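Which chain is which? They are A, B, C and D, in the order written, and residues in each are numbered from 1.
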Amino acid sequence: MGAPSLSELLREFGELKPYKRVNRYYINIDSSQLRSVIKKLKEAYNGEIYLSSITPVDYIKDGVIEVNYEIQILPINTLIVLKTKIPRDNAVIDSIVDILPGAKVLEQEAHDLMGISFNGNPYLRKPFLLPEELAEETPLRKDWKPKTR
Amino acid sequence: MTFVGIISVIRWGVKRSPWILHFNTGACNGCDIEVLAAITPFYDPERYGVKLSPSPRHADIIVVTGLVTRKAAERLKRIYEQIPEPKVVVAIGACAISGGVFQGSYAHHGGVDRVIPVDVYIPGCPPRPDAILKGLLEAVEVLEEKAKIVERTATPTTYRTSVAATNGG
Amino acid sequence: MSEGKYIVEIPVGPQHPALHEPISLRIKVDGEQVIDVNVVAGYNHRGVEWLAERRTFYQNIFLVSRVCGICNAVHGAAYVQAVEDLLGIEVPPRARYLRTLVMELERIHSHMLILAVLAEVLGFETLFMLMMRDRERIMYLKELVTGNRVHADYMFVGGVRRDLSTEKKDTILKHLAYIEERMKYYEKVWSEDPIILKRTQGIGIATKSQALAHSLVGPVARGSNVKNDVRFTDPYDAYDEIPFNIITRDEGDTWARMMVRIDEIYESINMIKYILEHLPTGPIIPWKNIKAAPRRFPKGEGIGRVEAPRGELLYHIVSDGGVKPYRVKIRTPSILNIHNGVFMLLNQYIADIPAIFTSFDPCISCAERVTVIDKEGKKKNIPWRKLADVSYVRKLFR
Amino acid sequence: MSLPKIMGEALRNLFKKPSTIMEPPDKIKPTEDYRGMHRVNYDKCIGCSLCAIECPAMAITMVPIPDKKKRYPKIDYGKCVFCYRCVEVCPVNAYIVSNEKPKSNTKRQIILHTPEEWFSRKEG
């Protein structure tokens, strides 16, 4: 199977835009399409993709949390960042842990520190990294302030 | 042998062969690998009788690396209580002394002296293995002073209860 | 026990004498076989990402270096790479070569450390002492080049902070020749010693598809024949000019991961020799001096990726145009290898757990960046008698 | 390894020099380039407090001195991570660097470097 070009592959989801450095691209997609994008990438490249990171960024002014999925595609040495936006007050997104099991710990971390719920991830727990007394808190949200001790 | 005799033997033993317990309360590993490097042939602390002890109950000196994270603080307190008297606490590195670069974070208490009393401070980020060795020798002196106090004040009853307390913890 | 499964939960850690690092594994065993592993994390959580949002861009260079003491130069390099991506600066060629030099020195010392620690875990203390003795030379070289044995603080936005003089080159070559010769001996021990082979071969196997799906990185993935090396897939600094091979192995077991590390040490030594031979002349920062570094940072984002000794390290920085970053995401290799790699521990024997776990090269401070755990605090379903066995298990880790 | 080989190795090692550095630990010298204790030349210092702003560990605080108009930096070596950022940013190069190892101490207060110390040493 000849590797199709990445922009052709993802045309139906959005426009592929390059970063400054070579072989790095990003694409804005809708959060409901996330699972189908990743499934498509996995099928197109024979499973030779791996999830590098999940980066949630809290944009408090816009009221959204941007969840970036950095995915490395090994056969064409390309890093693609899938950018999705979810509302801040209802931070729920579909889990991809059944497609890429490597997402397990990254989703756990994002759930613990940013308070994002991943639908369908059975491993989520709170606190994961945080100490017990901060179990209910989400320190990486911009409006969070530590209690004075 | 009399009771005082036994205690003197303990003091003599403590001076000649201090066993250290290493506990990482949230360090970056920099100090840990330097502690590890300090027990290797290059610096060979065993010529001073310094040896890593696996259990708090056998240790005389507790070497703490890293700032005290909230989760680790209770562990540290428990380990401190389990060490029999006399005991000395050594704080290694900027983080263990004050929090270092991580000052102001929500997840930790800061330096070790916020949680347990510290006897010897070894500054540096991280301190060199020879500086750690120097600090340990300093800790042995403190340990000897403390052993003298224990020797002077201990009676068979207090000694037995303190041993029972450490064993039960 | 014939009347049914007799399952015991054994907590291992967090006071972990072999690794000197706080992590707790709750291992469920049926007889001698592991049926479930639960990693309890958080003892080393220091809140670095939160702190990084509250420090300036330049303060953060020194903060992120202290995420991990073993791979500090690569943390610095990944961070400055992300900031350079944000600023759009070109790094002078000499600085790119010097960065590569320090990162390769770090790879050698990190791999030697984990080879020594695994030898100690297997009960081979002589090998531990010998490897640690030779590793001191690399630490000496690191001090010579960067100014500190452990925390290099060598990277700076746009370049490096110290130059390398000609006399130092000869010292580096002299010590590297010694290390290369010793490594040949250690390679022989690792590939021939019957005890090492019996304790490491065929345990903790990860196949290629498992390694890819579970996002394993670094020598753990390369031991399973995944050609995943950022130095090759996304060349940074001088790696596109320096010739090197990517080491992969097909076995996928504990031994393969360690052999990948040994072969990578040779590659690193050859790369350093090449760097010293072809070191370009010129400035080490793009400005007149470090004081002239830019004070303003544009709005945007930057991604920095480097191949740390443990695998791919990723920094994602978002800036809103201020003097402080808006968001710094640090994805360390260890968090993937430790938490996702536990599937390799299943159906193994308890005695093999330390060997398999150490072969991931776990770096707890990397994985948590903020945390330590409570052994007995939460689940008290283990009778006091069983805890006597736990202390026995912990002795295995010594 | 066979037994004679092991015996040979053991015998050879008996006559080798030990790799341990036999000097007392405080005599071991770091290399020339080691980032050790750094001090402030308070005569040169102009009190701009750039070092205090840039310090990643907040180890430098600016303190007032009686009979002097300016504020001077005070270094707390218990916080300092020896990154030498202060040395780099100083506009008048007032920092004196050395390869001296920071000394261990039994009291927290002693591991400081204060302007009082400098000025009193000059007067005394």
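Just a few scattered comments:
Following the convention adopted for this analysis, a residue touches a chain if its C-beta (ideal position, glycine included) is under 8 Å from a C-beta of that chain, and two chains touch if they have at least 3 such contacts.
Here the structure is a predicted model, which means the values were calculated and not measured.
Touch-path distance (fewest steps) from chain B to chain D is 1. Of the two chain pairs examined here, A-C and C-D, it is A-C that is joined by more C-beta pairs in contact.
Chain centres defined as mean CA positions place C nearest to the mean of all protein CA atoms. Inter-chain spacing, taken between the CA centroids of chain A and chain C, is 24 Å.
Put simply, the C-alpha centre of chain B and that of chain C have 28 angstrom between them. Centroids built from CA atoms put chain B at 44 Å from chain A. For chain C, the set of residues that touch two or more other chains comprises 42, 45, 47, 50, 62-63, 66, 133, 148, 151, 370-371.
Shared contact sites, meaning residues of chain A that touch two or more other chains, fall at 130-131, 139. Multi-chain contact residues of chain D, defined as those touching 2 or more other chains: 19, 30, 56-57, 81-83. All chain pairs that touch, listed by label, are A-B, A-C, B-C, B-D, C-D. Residues 22-37, 40-42, 52, 54-55, 65-67, 69, 71-72, 74-75, 79, 95, 100-102, 104-108, 125-126, 128 of chain B are the ones touching chain C in the complex. Those residues of chain D that touch chain C in the shared complex are 19, 30-31, 33-35, 54-57, 81-85, 88-89, 91. Chain C makes touch with chain B in their complex at residues 14-15, 17, 20-22, 42-48, 50-51, 54, 62-63, 66-70, 72, 113, 129, 132-133, 135-136, 139, 148-151, 363-366, 370-374, 377, 391, 394-395, 398. Per the touch definition, chain C reaches chain A in the complex via residues 41-42, 45, 47, 49-50, 85, 88, 209, 212-217, 226-228, 232-234, 303, 305, 312, 314, 316, 318, 326-327, 329, 331, 335-336, 339-340, 368, 370-371.
Of all residues in chain D, those touching chain B in their complex are 18-21, 25-26, 28, 30, 56-59, 76-83, 101-108, 111.
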